[in-house]
């Protein structure tokens, strides 16, 4: 098995075996969405209007889960040292880890979104739009989050600081994700525009994330 | 008190496994008979003048709501057993009950959603009762996640026990709050699930189904406890194997 | 093959751990790095492994692969074991074997270190000594010429120590190089690099080989 496949398989296995992996993220997503009506009231018309935005907020918060452990656990048990002695560039190794994290955290959110759309009284076209934008946008959330994971790798309570650092960086993703979702129903702005920008953001993060994270980790080695 | 304590002492894991094996066939038979009786009575019960035949979803929806609460009560009793008496079977009972409780709660949500669809036009409105059950469902998932995340079994047992008891105190408060919240935003649709007084012709089948579902819970719970005991034995054997290899 | 260090210096946490360090180790040789706690033995090994950048000086590996860094041609065994508790013994070793390009004789390596019977046990059930043996299995499963061992004998019982000694002797017998930070003697005659701590240098490892004190 190639080093890349081996690393991907290991991270997938770990995500599944530790703390339920995908399921806790989906559970958190569900809880956040459940909180919305308690805050704004069960007015179904209102929920339909803000539904896409609430789903995106929930997904954004849920995608942060586990990011702080992504690199910290390898740092703590010495795996990070050995990853550096492998013959794979560190950037690539980090990208593979982020990809595994997206598969086990981001994709389940995308799959859960339609079910949660029912709770928020979204019609099928809205739900489909949200799901597509989440599919395109969650990689950006994970790969930018990777930078936060690298910045907080040596900290014990890194999770909260990671959120503080990364959430502002993810604002563009949120803006275009919600815009695309709302555009699918409201129809004043075309769906394609924001969606393509979302794609661009994700593609950019696929490069920026691992590169910045690698630079950060190497600084820490001095 | 002495008799009670000695009875509890009798319930050691190995005796429990033997006892449950003997009880299981009888329980299964009883459950099947109860469902048969309840099912026939439900089928024969009259339709609602307003909702038609869909009202019969109630015969599944209401018992599962009740059992969702009942499972948490069982878990709370087990939690006391773990924290106060340190009884070995208490945690087994708690661990076995949680997924069953979650499943019943989920069925309650799904049947409630299906029941309301013809009247609401949508699959979900934030109805007071259904919302409370949803929160209960989230709590079940949370307790399962909590147990899954903690490696050490003893620590997991105690942590889950504390959370269960906190939940037991909190659940009535949540239910009350949700109902209050719902009255704040009372929309024009007045349909409430099972709101009106229950006619005797429906009461009897409902009671039968309630009994049947309770028996189902007991059967599933007993089976799950047995499986959990066997699982723990397996884990102990693995640990002993590692230990033996270390000495070799 | 030869590893050469010239004028190495290292700063950790604002403190200079060692400076002006020179050594040269040839193929088939071991170097024992000794000194009190805090003298910089671990830091030196990490510098050689490429995990820490030296503040001064350089490292050269003669006769190695020019395309790869020194760390990529070395095994680094530090204080931690780099095994995931939720994966089995075999899964852990197979991963490192695949990742480090071993082409792996995983089963044989496990058997050599006496962990073959525990291959399917989750690593969380291993004792400290068994985890150390698993690290040794990694040394066997992946072929790399340079071994950087930081107190490899810690947590090992007597049988484990003998196993470690055999493995180390076999490695240098095949032409490998070992740099090991140890508190006691190495299994065969080796030169000693004494780090005095507090930034001062006591020995430079260039003298005649010292007989191992057995």
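Per-chain residue numbering starts at 1, and chain names A, B and C are given in the order in which the chains are listed.
Simple rule for what comes next: a contact is a pair of C-beta atoms (placed from the backbone, for glycine too) under 8 Å apart; a residue touches a chain by one contact, two chains touch by 3 or more.
The shown structure was predicted, so the numbers you read here are calculated from the model rather than taken from an experiment.
Participant: What is the minimum number of touch steps required to go from subunit B to subunit C?
Facilitator: When the steps are counted carefully, the minimum from subunit B to subunit C is 1.
Participant: Farthest chain from subunit B, comparing Cα centres?
Facilitator: Between subunit B and the rest, the longest centre separation is with C.
Participant: Just to be sure I understand: the centre of a chain is the mean of its C-alpha atoms, right? Then which chain's centre is nearest the mean of all of them?
Facilitator: Answer for the innermost chain: A.
Participant: What are the two chains with the most C-beta pairs touching?
Facilitator: A-C
Participant: What whole-number Å value describes the gap between the mean CA coordinates of subunit B and subunit C?
Facilitator: 55
Participant: Between subunit A and subunit C, what's the gap in Å when you average each chain's C-alpha atoms?
Facilitator: About 38 Å, centre to centre.
Participant: Could you work out how far the Cα centre of subunit A sits from that of subunit B, in whole Å?
Facilitator: Here subunit A and subunit B have centroids separated by 33 Å.
Participant: Give me the residues of subunit A that touch two or more other chains.
Facilitator: Residue numbers touching two or more other chains: 18.
Participant: Which stretch or stretches of subunit C touch subunit B in the complex?
Facilitator: Spelled out, the residues of subunit C in touch with subunit B are 85, 114-115, 117-118, 121, 124-127, 129-130.
Participant: Give every residue of subunit B touching subunit A within the complex, in rising order.
Facilitator: Result: residues 122-126, 131, 134-135, 138, 141-142, 145, 148-149, 181-182, 184-185, 187 of subunit B touch subunit A.
Participant: In the complex formed with subunit C, which residues of subunit B make contact?
Facilitator: Its residues touching subunit C are 151, 238-239, 241-242, 245-246, 248.
Participant: Tell me, which parts of subunit A touch subunit B in their complex?
Facilitator: Listed in rising order, the residues of subunit A that touch subunit B are 18-20, 23-24, 27, 30-31, 34, 37-38, 41-44, 118-119, 121.
Participant: Help me check something: in the complex, which residues belonging to subunit A touch subunit C?
Facilitator: 1-3, 5-7, 9-10, 13-14, 17-18, 76-79, 81-88, 221-222
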